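Next come two complexes, and both contain subunit A; in the first it sits with subunit B, in the second with subunit C.
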Partner chain A sequence: MSFNPFYILPELILTAGGILVLLAGLSTRKWEAPGKIKPYSPEALALLTLTGALASSLALLWRPEVVKGVSQFGDMIAVDPMAVFFKIVVLACSIFVVFLAADYFQGIRVHRGEFYALLIFATLAASFLSAATDLIMIYLSLEFLSITSYVLVGWLKQDPRSNEASVKYFLYGAVAAAVMVYGMSIFYGLAATTDIAAIHSKLVSYPPDGSPTHIIFLGLLMMMVGFGFKISMAPFHQWAPDTYEGAPTPVTAFLSVASKAAGFAVVLRVLVSVFTPGVVDWTPMIVALSGLTMTVGNLTALPQCNIKRMLAYSSIAQAGYLLLGVAALRLSPLALPAVMLYLFIYLFMNMGAFAVVTMVSARLNSDDIREYSGLAKRSPASAVAMAIFMLSLAGIPPAAGFVGKFYLFAAALQSGDKTLLYLAILAIANTVISVYYYMNVVRYMYFAKPKSDTPLKPSFAMNMVVGFAAAATIIMLISPEPFIQMAKHSAALLTGTP
Partner chain B sequence: MPTITLQQFMFGAIALVILGSAILVATLRNIFHCLLFLALSFLGVAGVYLLLSADFLAAVQVLVYIGAITVLMMFALMMTHRVMTTDISQSLTQWWLAPLPIALGIFAVLFRVYVRHGGQALVDTKHHAVPTTGIIGQALLTRYMLPFELASILLLVAMVGAIILAKEDKSDDPA
Partner chain C sequence: MEFLTRITELTWLIPLLPALAFALILLTGRKGPGQGAYIAVAGIASSFVLSLLVIAAVLSRALHGHEFEAFAHSAPWMTVGGLPIRMGYYVDQLTAMMLLVVTTVAMLVQIYSIGYMHGDKRYPRYFAYISLFSAAMLSLVIADNLLLFFISWELVGLTSYLLIGFWFEKPSAMRAAKKAFIVTRVGDVGFFMGLLLLFWYTQSVNLREMFAHIPAMMSQTIFGLPALPVAGLLLFAGAVGKSAQFPLHVWLPDAMEGPTPVSALIHAATMVAAGVYLVGRMYPIFAFEPHSITLTVVATIGIITALMAATIATVQNDIKRILAYSTISQLGFMMMGLGVGGCGYTAGLFHLMTHAFFKANLFLGSGSVIHGTGTQDIREMGGLSKKMPYTYWTFLIATAALAGLPFTSGFFSKDEILLEAFHANQTIFWLGLVAAFLTAFYMTRLMALAFWGEPKNKEIHAHESPKVMTRPLVVLAVLSLVAGYIGWPTKNIFHHLVHFGEAEAVPFSWTVALLATGSAFAGIGLGWAVFMKRVISPSVFREKLPWAYNLLANKYYFDEIYWAILVVPLFRITAMLNGFDQKIVDGMVNGVGRVTVLMSVVWGWFDKWVVDGAVLLIGAITKLLGRLLRFTQTGMEQDYVLFMFVGILMIVGVYLLH
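Up next is the complex of A and B:
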């Protein structure tokens, strides 16, 4: 058992930085105005830590050894392009969240130091989750991410909605994790090991007629409960609306992108490396779950008047589209890059949307969609950006969401499978439904009469963040080629190829 | 008269303690007494682990279930005064039949396993017991070093989180 510190440099930076931020938090006063951010304040240190980890992850992505894939700590984690790619997505998301939180918490008295420390540790858990190749490591990092998220969701102690969100998230999460661990124990029982590569070789070693297919399928189904909870897949999505609504908006943004991306990383890794074609056919299961998830998400998003609830259902629907790519994994070589490209685009469009929501809710103290009336007059730049994000989430040009959806549907069509074709048609129908609730926000911003004409003044940092996300969303449509190349490059796993 | 080994005798005695105290947990009317018998039942389970020569598991059972969980419940009870002294009826008037199929189902599964193995012991009891604590310790610091270290960070995070959520914030409190 050995490891090379270079390969886990992002995690080492996160661990050290998290502890440092915790200590720095002791020296700040919780009601200090964010205008007075000093070099040693938790925000600045958290930003430095996350940027350092992001830089070291980027440095890893094109290293020749990493492209082949390296195993660390005796097969506990893999350092392969897919793991590094998901680390980049998670770290980029957390950097956004730091900016959002600095803006969001300016009027609220909270423990700032500990907030950023926990955010960094949640990022650490998510990056381990995207690299885990051992059931113990998968379970531990998933629970680590969940436990940290429960606390972050309940951070606004005085707000009963935040408390409710945290308790709901905790109860659902505990049950999902218990079912998942039961599923994992089945595979430990079959293979007497927790290493997923070894489990795979045990599962393929059964003779064709003597394979305990039912038990394997049951175990996979139980594990999918835990993973499905993380990616807010129906029917394990019920926590999402209340938790998204009650949590502090930056935390909601974290849950909707980083937590979901890490969940997808583990779903992809387990499905690709363990359940190869000879073991069990999971395509019909994922097709059904994908169709259910996108339809439930979209139909329930329609009547929402709270923007965070609406984005919660929207993120459930987006998970459904991503599952369409997962379902095509076996039949189309395009599927894995398509899922990764979509997640990368989703990172920018969803974080951008949450940045605008954070900006508005910090200034108007409300998440009601009606409050967005006349945003075009009160803060024209934010309104334009929000319109771009909404178009992108709906998958309409001129925004990158279109490219992402195009590739997902292309993967489904390329597979040539009948059920996947029907699923793609269902996804297109769902996209049309989703246009209604996404455009509803745009309608309020541009055509509804504002309650007041006082301009909202986003801070310079928030303008930069929203502008950056909007620019990225546009650029990825105009010249998607480098990003497609990156997704294709990253669609490589240490063990097993789709 | 059938002869029984010391192990079988001990198992019988421990099983009686577990079952007896579990029944008392489910029937006593004073919740505090229930808790005490719950601790006794946990202790019995630790005894079963010892008989199966799982010494580490037995120690963890005592430390975690008796030392932490039961004591935590006692603290919670002592802080809610009324519950301590009130008599609470534990009999369910409407749903008393519901657990029956579950109990019968579990019994059926266990009985099937018993029959299938011809009444033979499932665990190899003749084997020399090897203390497991040392082996587990070695595994934790070699193969499982990464999860072990990650768990320690998780504990730190859980502590920080618990303190943050439970702490009463005073208006002039620096944080």
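Up next is the complex of A and C:
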């Protein structure tokens, strides 16, 4: 397929917009972030860029050529509904992040232009990662995403915790990427190509008894180290709590949603298109890792006192639930839409939670859960919204997280597979554990005496963002059908069908 | 007739009106009419009127001799793997009965709360929560599918949580709220798994479609077990949690930390009865064959709970806790009724209705007592009958109903349960008689200590509560007396309305009626002898059988056992896992400290030697980076990477072992 700029319009907009924001940042004299979004500021330009990219992605999603799937750059990237769907998630997340950052950096001396430019480039990397269909492209965009993220994590230069977080993230990421590249080299060695469709056709061409199954498994496992690092899958999750805690909160939000979503996109694409039945059976491995991830995440989240650290473990646990859907990919046609639907819901509930955390930490200068005491009194609207997000993350009705979990568990059951059924039971038991730490936040907000009665006043923009996320979380329960349809429509890949 | 049919099409408004009241109170706050209380009462009163019309529609059809046709309306909600799920409401005789019970009690409790909560600093919030509760409870009642049922079920749990912890200044209230939420969640996991299982086998969550698939499900197995009983028992786990049945009953007595009207509405009359309603609603899943294994479990759990809670109630001293254990015990009775099969279905649900009235009456009465005396300990009360006449007489009537004295509502419903048990299972019947005897005994003890005799604490000057509180008591007392007559043994209207299958009511039996009445009178007699006449010393039990007394006073040590075998080990594991990570964090914090010190030194140098600062700075930065890198290398990052490789090797190992 020849090159057509329309198909990569979101990426083009992001590239151009990122450079413009960088330039605009140079001309921003005032260092101190004002705490609100002014016209002609880097924030406004970043929002414009991201919204433009989001609009062009939405325009792509229902195009008939895209539904069939288009390749660009010599089969390096795919423009198919799945890639576009993940781009939408990533872009929506970045739009949230801009609002969060504008609030978070108020009164702090930071290079705003560069921050938003890097955020846009990280978004660009994540959208390439969601579409990559070539091992080289996967590696490049994953590293692109990682390196921009390392810088963003260490953005608060004066804060040693932020520096530490960045260094830890970097070192861990470097090793994980090295292992992943080693895995990729195994497939290049086997197939003499880096195109995943070509690798697949080579792998299936082996006679059943002559297939180098062990080597294939080893290569897959090594690649999963790199991917698992991105989605914070146990046992490759240990960087996450430290990094999430130290990073500026908007960046933590970006890592927990956009970075994770892009990671899931590549996991889904590689597992579905390369490792089809007959090549290697990865289901038991994913089942085990899913169970491990959700259990470790939930159990360790229990004693946390820092809300960002708690949300870090929570996001590990959420990755575990999503992996339940990944594990069911082969056996249930419901699994892929279920994973995508859950990610979409997760986008709103998790970004909403981080928006409240940003609001509180920008005003109280602390991430201690005890600081949420009496939030119901100090900022009633934020407390209601936060309660909705916590319920949703715990999968308790009446919030959309319940629909997402219902779908995931239904997919596991639909497979009719016994191990998946056990895994679903483990997941449901895990949700009970998670109730404890999610409701702990609600308990502090509603049932604890505030240290001071001064109201916290979120800015208008923050109120809108939190309100929007909360409304979306409720609406997706009351009327989930359009979102289900979107997930279903998007569960189509260029190569291979689940 | 035509009008009434039309009205039933507005059933969806019944939960919506309190929900609207909730939103309005949130918006208006203290500025709303009656600080929000009037909005709440107006909302629930409109629902009550609508419910009356719905039951009138049901009755008018029933009296015309038609078999009432359930009506349902639904709208598309979502599709799951090609299966459409619709959301809507479903009205049959059972729904109509529940609607009336819930709206009546909720309305009276909210009127009563105007007086009881007067002067509370979170007054509007109270009415907002209780309106939200009413909305959720009513949508649970009319749900036409199990998913909506579950969503409402969780929502009532959430509002219950918020209301138990309403007076969060008391740490015990906060703990009780948390305990209630988490213990019931354990049961809800079962409910949710049951729901998924049923959805999987029947390809639907709609109640009627599910029931239609039951014959096909009969032959299915899961893990080698028949699927239908497994699904039924999982659903029942949810009911066990919500209705505080053994072994998940531990949350309900603690839930008494909430305001007393909340205890009356949520923890006596409606929400805790939702578990019984769930079993009633899903009865075809339970009673797929007479005396199915599922029903046996339901009956067994029911009778264990009824007996266990009744024994505990005999030694409690907190008026609300006595009533809480009594509620647990009566819910056990209802489960027992549903479990014995046949017309036990009708009997159990009939008892749900009568119990809602007399237990709400008792709780509101106890609230009036607490309001008037300022204590909850019955040992400090006494002689209240003269000082609080309205409270006393209404409490007395409700006590008579709870004890099952003839011609009160409790007599008819309890007698019906025992009658069914008598024909189904003699063991359960005799144990039920014992529980009935104990019920009469502990209620007589309560009456004797609180209302009769002489005041024990001279400090307390009891006074009667305001009219806004006593009027609802009078209405409930009347209902406690007369509500039973629709279940008159020879012309049982209730049975005509609410019954399962074609089971014919077992004919009235004088044996059972006399035994039941006899046991009630025996309990009263013993209570009278011990606590009024002092023929037997009240402390004889404590002195002669101290171990048994302690066992009861400590509620069979359920809390302690759960703490030791569940809570402590769980927290050990989490502490262990956290320590694993925390060690790393500590290392990091120390490192950060070192870096900070170093940085301040660096900046000190910078200030000191500005001239050749640049040279020094380069050196310092190099040193800093060296420190930083050395820290991350000798520090814990190494461990992370080590764990990464250990993880890889373990996965490879597991793979090779397979």
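Basically, the second predicted complex is superposed on the first by the 487 of 498 C-alpha atoms of A that agree within 3 Å, B and C clash if a C-alpha of one lies under 4 Å from a C-alpha of the other, contacts with A are read in each partner's own complex, and residues count from 1 in each chain.
As a convention for this text, contacts are C-beta pairs under 8 Å (C-beta built on N, C-alpha and C of every residue); 3 or more make two chains touch, one makes a residue touch a chain.
Note that the structure is a prediction, hence the values are computed from the model and not measured.
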Specify the outcome, clash or fit, for subunit B and subunit C once both structures are aligned onto subunit A. fit
For A:K168, select first, second, both or neither according to whether it touches subunit B, subunit C, the two together, or no partner. second
Subunit B versus subunit C as contact partner of A:G154, first or second or both or neither: first
Which superposed partner A:W239 touches (first subunit B, second subunit C, both, neither): second
Looking at A:F128, would you say it contacts subunit B, subunit C, both, or neither? Reply first, second, both or neither. first
May I ask you to decide whether A:Y407 touches subunit B, subunit C, both, or neither, giving the answer as first, second, both or neither? second
Roughly what angle, nearest 10 degrees, sits at the C-alpha centre of subunit A between those of subunit B and subunit C? 140
Between subunit B and subunit C, pick out the one touching the greater number of residues of subunit A. C
Partner chain in contact with A:L22 - subunit B first, subunit C second, else both or neither: first
Report for A:S141: first if it touches subunit B alone, second if subunit C alone, otherwise both or neither. first
What's the minimum Cα gap, in whole angstrom, linking subunit B and subunit C in the superposed view? 5
For subunit B, which residues count as touching subunit A in their complex? 142-147, 150-151, 153-154, 157-158, 160-162, 164-165, 169, 174-175
Quick one: in the complex, what on subunit A touches subunit B? 1, 3, 15, 18, 22, 25, 29-30, 72-74, 76-77, 109, 111-114, 117-118, 121, 124-125, 128, 134, 136-137, 140-141, 143-144, 147-148, 150-151, 154-155, 157
Quick one: in the complex, what on subunit C touches subunit A? 76-81, 147, 150-152, 154-155, 158, 161-162, 165, 168-169, 173-174, 177-178, 181-182, 185-186, 189, 192-193, 196-197, 199-200, 223, 570-571, 573-575, 577-578, 581, 584-585, 588, 591-592, 595-596, 599, 628, 632, 637, 639-641, 643-644, 646-648, 650-652, 654-656, 658
Subunit A contacts subunit C in the complex at 160-161, 163-164, 167-168, 171-172, 175-176, 179, 214, 217-218, 221-222, 225, 234-236, 238-239, 241-242, 284-285, 288-289, 296, 299-300, 302-304, 332-334, 391, 396-398, 402-403, 406-407, 409-411, 413-414, 418, 424-425, 428-429, 431-433, 435-436, 439, 443, 446-449, 477, 479-481, 484
